[in-house]
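So, here's a batch of structures to check.
Look at the two complexes coming up: subunit A is in both, with subunit B in one and subunit C in the other.
Let's turn to the complex of A and B:
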């Protein structure tokens, strides 16, 4: 019999008859046992058995498909499945037992005359959860290009990953091929596509490498497009991840997420928005940092020269509360069309709260928040560092009731942050640090134009906004960068 | 879902998360100045007459009061199984490997 070869993508080519019938069965299925005599009576039939190679009895061309290669090649979901081939081309198939359909496909009018009219089939072994992982790797593992590393059976896998230096200090999830393949289901992009050139070693990170690190970080596949967008954004010249890493200042990359993806992947923008406890928030920021560590080679006390650092350098990611915000969403204020999802990466220290439980006038509250922002970098230094202000819902309500939008609040903060030289000149207040004495009395702006970013997030109770100090802003340092998520889906 | 160990002999295969510029293997330790107090392993890679060489070495070491543990690779044609490597690293401080024919 001449054969048709059907590739199962990765390995075995399965020989199928050019003409005639192919059935796929398993002994464990009552309907397959029911049709056993029917198959035995069919001329020109090849039967693949998924479990017992001695089943079904009486079939001349009976083949062992316990490795499921033929079942995969034929894309079998239910057993029994009867397929008719002519000239190497599938002419039709019947799933389960239906006398009428089997008669039609085989042309044998009296087929199975003593059997019931109809019996549904059973799930194909290829659908079993216990083989799903192996089948996934077998059929699609060939698309993965990363070096395979072997961890001995006597080694503890989590310890082994620490030993190899892949961890940020917390346990990581072993990136098995199956897990990486499932992670890659989160994007339509090809595994070998280059996402970005990652500093400090300027290494091309493929979608696959980012997925491997997303597995390490504990991400779910649906987070991957957000991680990919964050990597893309962080590896731009404007964001300057290399400088941020290499500086002795302790800030690291933070990610704020806007748009529908926030809710789709269950991110937190409410209570404890900047804190722990939400998987998407915690792992997306961590995945970005692991890409910089593992792919880019940016490790603490090596190229990461931070004198202090902060706990959020393990990963710092949160979503903006757009629904409850008096302000236009951050992404829209940065040019992203409404309804689109985006990430904005920015240089971030750890957040510091600002209490104001008294102000009910927007002017008072803006000055109050400005006072909190003044401490960024140093209360007596200006225009050195950028900052982000996370306005909490109870503070935002004061601005909403007064009809203040983002631009109005920014203007009020800018005005309140024009600092009197007499207070900030070197030596003032008995403190040697400060701005050099100038020949002008003009007040100095605390932040460069565009150096203060406003985000709305946090729990519904508590008049506590947060200041997130940044790093040197602008072309000589790091500027926030926004990238859309949807292109990475 | 339970993790499945899919490598040979129950080892776990993972994908390298790095740029892959560093060698997968580790660097060798410094050669010790003496064998005093060290746990010594003799590794036979299963090449012909390697066992003879190692047997004589074991005798010579025994005369100096050094006892040894003996190990053998299943075949010299393939890399050492990861589990044997792990076993040797946990049981020995130094290893003497015989290449013979």
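Let's turn to the complex of A and C:
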């Protein structure tokens, strides 16, 4: 009998008969034991046993399939499964025991006459959770191209990853092939597809490399499209992750997420919106930073030259509260269609709160928030740095009740942030830092046009918004960049 | 360092110039770009708060080294 070769993976090939029957069984299954005499009596049958190579008795062509190669090649989900081949092509299969179906497939009218009419099968060994991981790697591991690290048996794998420099200082999740493969289930994109060229070393990051770092960061597979979009956005000329990394200023990349994906992956935009405690918020930003570190080679004490840095450089990601916002969602204000998910990356220092528990008029509150924004970079410097204002729900309520939208608030902030030259010139206030003396007395705008971004997030109680200072805005510095998430699903 | 590489790639003779605080960063980036050695000149730190006169003095003091870096074979 000549065999047909079926590949379960590049390395494993299984010989199956071109004509006749193939059965897959396991001794542990009562239905398989029930059909043992039927199989023994069936002419031209090859039986693969998933557990006991000596089972079933009385079968001439009995083969050991404890490695499950044949079961995987035949895509077996239930045992017993009986398959009929003719000319190397599958003609049909029966799952479990059904006298009628077995009779029809085999053409043996009186088959198993003394057996019950019907007995359901059992789960194939290939479906067992204890072998699922090994099977995942065996069937799909060949698609992975990353260099494999050998971790010695006596080595602690988390410590080993520290020793090899893959950590940002916190423990990382070991990116085993099975974990990386499960992470890759989060996207329909091919593992070898290039997502971006990552600075500072200008290394191509494939979907697989991003997935490896998403595993390291602690992401779930459903976060991967958000991470991919964030990497795509950060590695653009406009965002200039290279400059942001290499500057001695301490800002790092932050990610705001908009659209349905926020709820789908369980992000937090309510209480402690910018803080710890939510897995998606905490790990997506971290994955982006680990890509820059481990793929791009951007590490502190090397090309990352921040004099100070800040704790959010481990990873800084949050979601906008769109539902409770008086403003159009950030992504929509930046050109993304409603109903679509998007990330916006921006240069970010750590956030600083602004208290205003008195203002109930939008004009007063806008001036109050503007005062907080004035401190970005330096209170006496203008148009140096961009900034992001995170308006809390209790402040947003004041604007909502007055009918103020995003544009109205932006205009009021711009007006309140026209700074009097006399106050900010070098030497004014006894401080040498400041803007150079000029010919004109015209007030100066604190931020460049488009240099102030407004987001709505936070808990329902507390009249405390937040200012997130940025870095040099625009060409030569960094501008916020928005990219859609859905193309990465 | 990427600028250095870009200029060299276009056949323009270049040298790397920074303050002493950037020795380690320059070395890390040069190695990542595949250079064993880049002709470099490091001037004393700090830079940002220098007056124009002090900057000119720094530049004058570095000139010989810069010329040597771009003419060295």
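The rule we apply is simple: the second predicted complex is superposed on the first by the 489 of 489 C-alpha atoms of A that agree within 3 Å, B and C clash if a C-alpha of one lies under 4 Å from a C-alpha of the other, contacts with A are read in each partner's own complex, and residues count from 1 in each chain.
Keep in mind that, in the parts below, contacts are C-beta pairs under 8 Å (C-beta built on N, C-alpha and C of every residue); 3 or more make two chains touch, one makes a residue touch a chain.
Predicted model only: the values in this text are computed from it and were never measured.
In the superposed pair of complexes, A:134 makes contact with subunit B only, with no contact to subunit C.
In the superposition on chain A, contact is made by A:201 with both subunit B and subunit C. Touched residues of subunit A were counted for both subunit B and subunit C, and B has more of them. In the superposed model, A:246 lies in contact with subunit C only, and not with subunit B. With both structures placed on the common chain, the touch criterion links A:359 to neither subunit B nor subunit C. Of the two partner chains placed by superposition, only subunit C is touched by A:301; subunit B is not. By the touch criterion defined above, A:177 lies against subunit B but remains apart from subunit C after alignment on the C-alpha atoms of chain A. With both structures placed on the common chain, the touch criterion links A:151 to subunit B but leaves subunit C unconnected. Common to the subunit B and subunit C interfaces on subunit A are residues 201, 297.
Looking at the complex, you find that subunit B touches subunit A at residues 1, 3-21, 24, 82-83, 85-87, 90. Those residues of subunit A that touch subunit B in the shared complex are 129, 133-134, 137, 144, 146-155, 157, 161, 166, 174-178, 180, 201, 203, 208-209, 212-213, 216, 290, 294-297. Taken together, the subunit C residues at the contact with subunit A in this complex read 2, 21-22, 24-25, 28-29, 32-33.
Interface residues of subunit A facing subunit C in the complex, by the touch rule stated above, are 200-202, 242, 246, 297, 299, 301-303, 305.
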